[in-house]
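The structures come next, written out as structure tokens.
In the two complexes below, subunit A is the common chain; its partner is subunit B in one and subunit C in the other.
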Partner chain A sequence: MVNVRVSFSRMGWSYIFFRGLFHDLPGIEVVDPPLVNTEIVSDGVKNSPEFVCFPFKVILGEMINLYRNYDVKDFAMIADYGPCRAGMYGVIQKRIMKNMGFKDVRMFYLRQDDFRNLEWLRVFRDLEKRTGRKFEDYKILRNTLLFMVKAYYVERITHIEGLVRCREKNKAMTTKVVHTLMNLLDNENNLMKLSNFDRTIDENFRKIPIDKEMEPLRVCYTGEIQVMLEKWVNYDLMGELGVMGIEVHKQYDVFDWVMYKLDASKRRRRLEHKARKYIPMDIGGEAVWNMGSYLESQEKGFDGFCHIFPFTCMPEISFMGMLEAEKNMDKFYMPHIHFSLDGSSGFEGLRTRIEAFHDLMVGNKKNNPLFRDVKYVVPDEIKNIYFKPKSNFEYFVSSIEKPMSMVLTMLNPSKKLDVGFTVKNGLEFFSRNSFFGIGSLFNL
Partner chain B sequence: MNEPEFIKNILSDDVDDKLYLGIDVGSVSTKCAIINERNELLYATWTRNDGSPIVSTQENLKYMEEVLPDNIEKSICGVGTTGSARYLIKALIGADIAKPEIIAHAIGASAYTPDVRTILEIGGQDSKVILMKNGIVTDFNMNSVCAAGTGSFLDHQAVRIKVPIEEFGDYALRAEEEVSIAGRCTVFAESDMISKQQEGYSKESIIKGLCKALVRNYLNNVCKGKKLYPPFVFQGGVAANSGIKNAFEEELGYEVIVHENYYVMGAFGSAILAKEHVNGHISSFHGLKVSEMNLALGSFGCLDCANRCTVKYLVRQEDKSRVTGREKDDAIFARWNSRCGKW
Partner chain C sequence: MEAPQQTEKKRIKVGIPRALHFYRYFPFWKKLLEELDAEIVISPLTNKKIVEVGVTHGFGELCIPVKIYYGQLLRLVKDHPDLDFIFVPRYVSEVKDSYFCPKFLSLPDVIKILPGIPKILNFEVNVKEFPISTAAVELGKQLGKGQNKALNAYKEAQKYFDEYHAFLREGASVNQALRLVQIIRPFTLPKKKSEGDIRFLLLGHGYNIFDTFINLDFQKKLKDQGVNHITIENLPESIFKTPVIVNPRGAKLQNYWRHEEEIMQAIRYFLTKGRDEIDGVIFLISFACGPDSLIAELIMRDMKVVGLPFLEIIMDEHSGEAGLLTRVESFVEMIRRKKKGLTVGRRNKLTIKSA
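Take a look at the complex of A and B:
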């Protein structure tokens, strides 16, 4: 029977829902990972292989810092079989730390290759062994739900943040509201109350006075997920774009990724389908979905595409090359900009490029018929918050809708498109999966 | 005081036209340009700034005061800044607009060659390619992680092999044989050059090999597979080097245009931008008096809101120890770099 101090990588706001995963388990004390800073990163860079991608270095630095200054010896880290080498990082980081002399480091792997086979539950079993205590099943179920729900709200808040910031009248008000909301979300562990958190989000954002007539430039913001989420690494690029008056459509977050691994993300399926002609399979990083988002946002008439990736991330570099090659055929006309980030990149160079990119988009909007004639569509989130507030009933419906559609997408065997749950698909599923062979009678 | 290395001055003694000033403060040099309403370049200078943008700008303004007619200060109706120190210089001289050098170069080049499609720009420490179509910038790229092949490197090599940088191009043109030099990295290029020297190749052919290596590196690393269309315009400090221009022509297979005022194109473009921005309104230019002041730079972290900006300020040298930057004080000349615009 030991008390274990557990921690993990911070990854922007992601620590909120990772804390939810280990919330109120006997013998487990969750330590908040501190904000990433220069010292942490330089520790990571010093002890990593030279050409490994930047997220590895940041996460290793965080772990070293937690071990040294917060007395944390047990870390939760993802493990994967996918094409991206990030799946093996946990194992290597553990070895590096052991070589550094931290002999009692333990790593708990969250197996994320396919969440449907429940391999990830092993993390709780391992922790049970470590603490010598039994976790009640209902607590594990509750924590899983907490993780999912909180991850969903974090995604939602950051998504709305990107849309609202360009419209705010009082500068930095959005940042303040986001901090308030994240605090509220962090301290709320009651699932019933959380189911109604959508309303809290809308109410808090409604406090920000906005410019309602504004038709800002729209930018699709994608990239490798860790650098997209960790603000120290990306110099808060999203905020920087927002302050310049650009509406930022953030593409990915951890919730989205979990949905994908549960095979329940309609969006990612749709993006994969769009990108299939150019990248037929997952090659690691977010390359496939980046290509999909590029095509989708071009169809929607966006003004630009902003892509950030860690220096030496091969899949993202391949994607960049593909985009450049296709661009020469004039099929891909939306302007795009790429930032390769590592510890030694400076903010000045980044700002020069963003400003030039902004001017480029403004020029396009004025003179280029491909962009000039596009009609601006107010995003649904903004409409729901400022123009047409949702009724109680609508909040109720949307709180049920999301998990339902998730389950339905998961069950939907047709992987082609974001088709809804049709009767035929349902029967097909039934015929394949029913235990007594009744389904085979239908023989679809 | 540093005398400008390149001077062009066709300004008549009695100025009655509206004039616009553009200043481009880069990593190595400070460029000034004055244009009139019809976008004609009347005055241009190029000075090495030795890493101190404030002093260099002040000296340039002082020089302007000496050389140009007396009523020049009144006739300047708009000022634009560009280059890596654009915000600092904007705060210093009270410029109307600060734009990144990519846009300034594009505007400058298309004023001379309206149908330009590709702008190759190699400056002191950065190199960029700008693609244009119908007068709009469609794409651009800057060197992101490496400065091999920029002006500073050529400068350094010129000193090392004792060839004046101005004659670099002529040396390359005189070369008789081809030498292949590794252009990927500055340090490796240098060691490669040393070994080629020891093998007995002439200076001329080594310089030519270097030029070719730089162009190859530029096309691979900066252009990165972008399709480049003619006409090409080559500008920035390195455009003075005819060896590089020739290597570009060989590699691209098209003529590469170098305008007579290639070295001042960024400042020229930013003057045009200032003209468009001011558009008849009154300029916020402080005047040439700035050159007399003795200013120092300071910064503090603003904790008033969630943005946590690092605000920078310019203060009189003698008051530097007294002032924290936050108070309302006459000694504080300018404050900038806050996201909300409070300071």
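Take a look at the complex of A and C:
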């Protein structure tokens, strides 16, 4: 019997729900990945191929650091069959680390090409093999739910953070509240209590004194998911924009991505539909949805579009090419800015660009009739927190509504699903303990 | 027998830029379009002017082959203002469970932004969704041809393409074969010229190896050094049958880029059975190429295990020839020396598990 120390990439706040996935499994000890810093990244850069995209280097650096200083030898990592490079990360990182002399590195691949085919359950099976103990089925089910619920709340908190920060009267109050909330979320593992966490979020944000009359500039904030979430990589761009008095509408988070892979995200379907005319298929990264959210936010009358991506990211560059070179100003008139991040650029250069972009938006707001005449709409989240607090009944309804709409969307699939493969995977997994192994599900 | 006047009127003019997948699929496209009664126009060989135009229209981070595609396309439009269509195929997946690079996936969409582009002739190869014959029928529709004609054209084109591949496997170089295709001559092998003493495998995408401008005529440089080289197109078909498993002991992941898969399969062959057939490997990569950056890393690490010399050359729009020449010369020299030393007693061979 070994106590296996497992870890993963931090990816901003994402470690909270990844820890939920491995919570309270026998023989498994989850190690919190430390905050990314210059040293970690430079380790990763040193050992990576030359022009691989930047998340690869960051994740490799984190793994090396975890191996060296935290005695972690087992890593959970995603794997994919997609068109972009992200699916191959794990394999090559393992190879590199083995060649560096870390012979006993193990990777557990979370297959994310389609979560509906239950291939991702293999992670638990591999971990069972590694620890030599059996995980009860109900624990796996509970952990999956924990993962989803926590991911949902992380997305919600960071989304509200972007909306509130520009309004705060006392500087850095939002950041403080976000940290408190994340701590609360991190330590709460009871699903019943978590189902009511929405109220906690609203109550905590309500403590921040805000400027209620304010009509700030609105920016749609999108990009490749890893650089969007990892604050060291993007220099906390969201915070910087917020401090400048810009309302940031963050578009994606891991929860959204998981929903998409479960084919349960209505929003992503809507964006895809909008973008179909320009990009008819998923080309990897977030390219399709970036296009969709550009068009959507333009319809809503936003003032700008901020797009960040790692250096040499293939799909995002294709998207940027489409937008950057677009001469058709009738359809694409909203100003957009693109940041290609490779970890070496100093922040001051970036700040100059953001400031210039800010000035451009202010000028637009004053003079350009396309932006001047747009009526500002207070976002629903802000309304619910400060202007018209939800009643108990509304909280109850919304807590049921969300999973219901998810399930309904899943029942109406837009992508093909290999049902036989799903059933095979499911049966194989849940019957691993006994012939009628599914029975253990009912021991709840 | 058709009257010549009628055909002249009816023939649709289709332009094909000489870049990207041109070096891989041109015989197929040519036969397919000609069977559908289209007239084909090809852009000239890449030159400095074309690259310059492409660079000004593309932006910084695009890889150089795509920039050349822009340039070639604009050149084609400039030379032939009377084009009816421009042929920009969308290659998504040719074999199930595989993709092409995202830049190929979005190629027709990206192209639209260039100024003065005529109508795009769409040809979407996406085996995940529908077979290639369906794409051919769609293509026929755009050219105003019936379903049967399109299907026949597809069959003919596939046959011709197989012939072309058979010819390449006999040992012809791709540039030679493409020339024969272009001037419509039967496939005959040229006379064998004097053999060099060492043999390289030249790896890379077709548009990097066979475009003589982007790689500063690399093949000629090798020839001048007295080196024979083969490309993956010359290898027997049998080695491309089974997929390469990247991590055999773990979750059995495959590489999912079509062309990179071929490269890996070729490398697997030379790492295991065909170890003695070549003396070294040169991998040509264009700057900022996504898939290659990872694949090259894997190959390099495999090569180290077996002890096969490996040179990775990264190319961009710079045209400094001396640096490239120095690297090639020293690489060739190194291998010659190694070969001399090795003739006495060969080091015991290591085997490789992971490829």
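Going forward, the second predicted complex is superposed on the first by the 408 of 444 C-alpha atoms of A that agree within 3 Å, B and C clash if a C-alpha of one lies under 4 Å from a C-alpha of the other, contacts with A are read in each partner's own complex, and residues count from 1 in each chain.
The criterion applied here is as follows: a contact is a pair of C-beta atoms (placed from the backbone, for glycine too) under 8 Å apart; a residue touches a chain by one contact, two chains touch by 3 or more.
As the structure is a computational prediction, the values presented were derived from the model and not from experiment.
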First (subunit B), second (subunit C), both or neither: which does A:E324 touch? both
Figure out whether A:P83 sits in contact with subunit B (first) or subunit C (second), or with both, or with neither. second
Applying the touch criterion given at the start, work out whether A:T144 contacts subunit B, subunit C, both or neither, answering first, second, both or neither. neither
I'd like to know which partner A:S340 touches here: subunit B for first, subunit C for second, both or neither. both
Once the structures are superposed on A, label A:F311 by its partner contacts, choosing first (subunit B), second (subunit C), both or neither. both
Return first, second, both or neither, reflecting whether A:I92 touches subunit B, subunit C, both chains, or no partner chain. second
Look at the residues of subunit A and decide whether subunit B or subunit C touches more of them. C
Return first, second, both or neither, reflecting whether A:V243 touches subunit B, subunit C, both chains, or no partner chain. first
Who does A:R122 touch here: subunit B (first), subunit C (second), both, or neither? second
If you stack the two complexes on chain A, which partner ends up touching A:N189: first (subunit B), second (subunit C), both, or neither? neither
Residue overlap on subunit A between the subunit B contact set and the subunit C contact set? 311, 321, 324-325, 327, 340
In the complex, the residues of subunit C that touch subunit A are 57-59, 61-62, 92, 97, 99-103, 105-106, 109-110, 113-115, 246-247, 250-251, 253-257, 287-291, 293-294, 296-298, 301, 314, 354
Considering only the defined contacts, which subunit A positions touch subunit C in the complex? 49-53, 79, 81-85, 87-88, 90-92, 94-96, 99, 107, 109, 111, 122, 126, 278-281, 283-285, 287, 311-315, 317-322, 324-327, 340
Interface with subunit B, subunit A side, in the complex: residues 171-172, 175-176, 179, 239, 243, 311, 321, 324-325, 327-328, 335, 339-340, 345, 348-349, 352-353, 355-357, 359-360, 363-364, 367-368
Would you tell me which residues of subunit B are touching subunit A in their complex? 84, 99-103, 134-140, 142, 144-145, 224-227, 305-307, 339-342
